[in-house]
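Each of the next two complexes has chain A plus one other chain: chain B in the first, chain C in the second.
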Partner chain A sequence: MKEILIKNYIAGDTAVSYEDGKKCQYDIVKSVEQGEKIILDFSGIDYVITAFLNPVIGDLILEKGDGVMKFIGIKNANESIIKKIKLVRDGALVKREDLEE
Partner chain B sequence: MFYFEDDKKENCLFVTIPKEIKYDFEFLASISELMKKAQELSCKEIRVSYENKAVNFSKMSAGYLYNTLRFLARKRNVFLRKPLYQVFNEKVQHSGGEKFRKIDLEKEALSPIQQCYQISGDNEVERTVQILVEFILEHNLILENAKEFLITTIGEIFSNAFNHSDEKEVFFMYDIEFRKPDIFLVINVTDYGKTIIHNVQNYQREMYGLEMESTECIRWAFGKGNTTRRGSGGYGLPTLVNYINEIQGELLIFSGDTIYTLGKEERLFSSEGNFSGTSVTMRIPLFNTNSAFMYDERRNKIVSIDLDKI
Partner chain C sequence: MIFLDTCVWMELLGVRTPVKTHEIKQAAAASDLLQNILIKKEKIVTCKEQLIELVSAIEKVTMKTVNQERKANNLSRVGKLKEFRKLEEFQSTKRLCETVIGDVKHFAEVSRIGEYDVGNIIQRLDLADINDCLYYDYCIRENIEFYTFDSDVARLGNSEKIHTYNAGENRWI
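== the complex of A and B ==
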């Protein structure tokens, strides 16, 4: 199991950049492809916007399928961050279903 | 509102500005008409004049018009008659995002000068959002979770501007607006790149062979999970709308030939002309002067806040 500290990809307590999300996603994919479980640690992050979560959560599900969710854990995320993660995750699952049809 | 005349021989567009301009729909429609005419006529020169020497622009409209003329001046010469040049000189200050400093409500926000910033890159976006957040946290009496609200809304607006317009720089302005009895923070982010309409129409054509009307494109863009990106996305605009609704704020989006407004009611309609880009204006209620706040209109000054009303 590997922990990925989201704070390492951004400056400050706010994750607003798509590009930062892409960098994080790159590291997640590397580990997931080796069959390693990942814990995304949001400690020190107070706010995120969906642009950051799109690559980290949404694109990951779209590219790797819903099975990838078993390999991803979330830690130290506040209620608002969890709400946004769910929004992006659920949207990606619907899109993934559409792609498979 | 604006009066246009073109001289095909001289390849020149003449624009006459009325005596008074407020930042409203009529003004935005005139801006879109100006951009449309400049594109259609492919003029080499734009000469901007005035109806009356005593021009009276609101801060935000002066900043907006100035930004538009700067944009038009990228590809052609733009000349201003002297009093107009003076008005812009006195009312609008233009600088890069790195110059954006902590907002002092008394000194800056109530001043007649409109500050415009050209924002480029994530660092400048984060800095801008951070400064606005600090300002709201210090002065807001209405918003709950102000930080969450601002980071999400402004963050989504900037993110859309950079990721969908294909532009490396966007313009940012703010103002404090008094509309009795309320005081609002008004934020505007404008890019002169690919419009929402352009992106959605291309996407629909390529993916489904569909031709979509402009208003339909905007409606589609507001749907949860609808994105022109190949991948996850389409949550920024619906999230923005939810947050604005929660605080009973106002939102105005002008993209291509379509205007979307959200306030007491939601409206979507075609504009007179075509705006070459996307402009998003957000109006956030800060105070209600009837309940807590004393504002001296004559001196343009905040006088006091009653202790028992805070």
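== the complex of A and C ==
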């Protein structure tokens, strides 16, 4: 089992950057491909937005399928962060192509 | 002070993960912008009109998505928002609205955009939509930097306060 500390990918206590999320997702994928279970540790993070979580969770599911979430655990995340992780995981966000029409 | 257009907030807070190259560029541009604003500790403002616009957009678009999913599952579709609100799926839309509005209020201060002349706005409807006109006038009047992905806003005037994203150069201009 590998722990990934989200704070290592961002400056401060608010995670807003898509690029930072992408860097984090890259490390998650590396570990998943080695068959490791991942714990995402949100300690020190007060606030996240979906722009950051989209690559971390959304791209991970797109690349590895829904089943990948069985290998992902969440630790030290506040209620607001958990709510947003669920929104991204469940595909509850707005579909881009529907927005563009 | 900074005002982010509704399309920028949607990119940051409300849409699914980007897949196409232009979507990825736009997602990165919006989040870099917010990151820089936070680092510089600049003040972001919004208004009640924008919060309402966000809720309306989310309701409208998710109804379209739900209809596609219901069609795929051989379920009856809904034609109007009034009917959509009665569906169980609407609860998910409501939660998304709550989250997005909560996020906007976390980063921005809700200001009053003041009095506006509807007649004057109607005269400019061929250039941009009502909300764009409202936000444009507010930002110009109050000397606020306005960031948008919508090139229509620039048709309202060529103020240096208006910043649109140039995908070709990958920067806000």
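Following the convention adopted for this analysis, the second predicted complex is superposed on the first by the 91 of 101 C-alpha atoms of A that agree within 3 Å, B and C clash if a C-alpha of one lies under 4 Å from a C-alpha of the other, contacts with A are read in each partner's own complex, and residues count from 1 in each chain.
Assume a residue touches a chain if its C-beta (ideal position, glycine included) is under 8 Å from a C-beta of that chain, and two chains touch if they have at least 3 such contacts.
What you see is a predicted model, and the numbers here were worked out from it, not measured in a lab.
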Would you check which partner chain A:L5 touches, where first means chain B only, second means chain C only, and both and neither mean what they say? neither
Chain B versus chain C as contact partner of A:V16, first or second or both or neither: both
Quick check on the superposed pair: does A:L93 touch chain B, chain C, both, or neither? Answer first, second, both or neither. second
With both complexes overlaid on chain A, does A:I39 touch chain B (first), chain C (second), both or neither? neither
If you stack the two complexes on chain A, which partner ends up touching A:Y47: first (chain B), second (chain C), both, or neither? both
Looking at the overlay, what does A:P55 touch: chain B (first), chain C (second), both, or neither? both
Identify the residues of chain A that lie in both the chain B contact region and the chain C contact region. 11-12, 14, 16-19, 47, 49-51, 54-55, 58-59, 62, 80, 84, 87-88, 91-92, 94-95
Per the touch rule, the chain B residues reaching chain A in their complex are 122-123, 125-126, 129-130, 147-148, 151-152, 155-156, 158-159, 163, 224-225, 229, 231-236, 239
Complex contact set, residues of chain A against chain B: 11-12, 14, 16-20, 46-47, 49-51, 53-55, 57-59, 61-62, 80, 84, 87-88, 91-92, 94-95
Any idea which chain A residues touch chain C in the complex? 11-12, 14, 16-19, 47, 49-52, 54-55, 58-59, 62, 80, 83-84, 87-88, 90-96, 98-99, 101
Interfacial residue positions of chain C with respect to chain A in the complex: 10-19, 23-24, 27-28, 30-32, 34-35, 38-39, 57-58, 61-62, 64-65, 68, 92, 95-96, 99, 102-103, 106
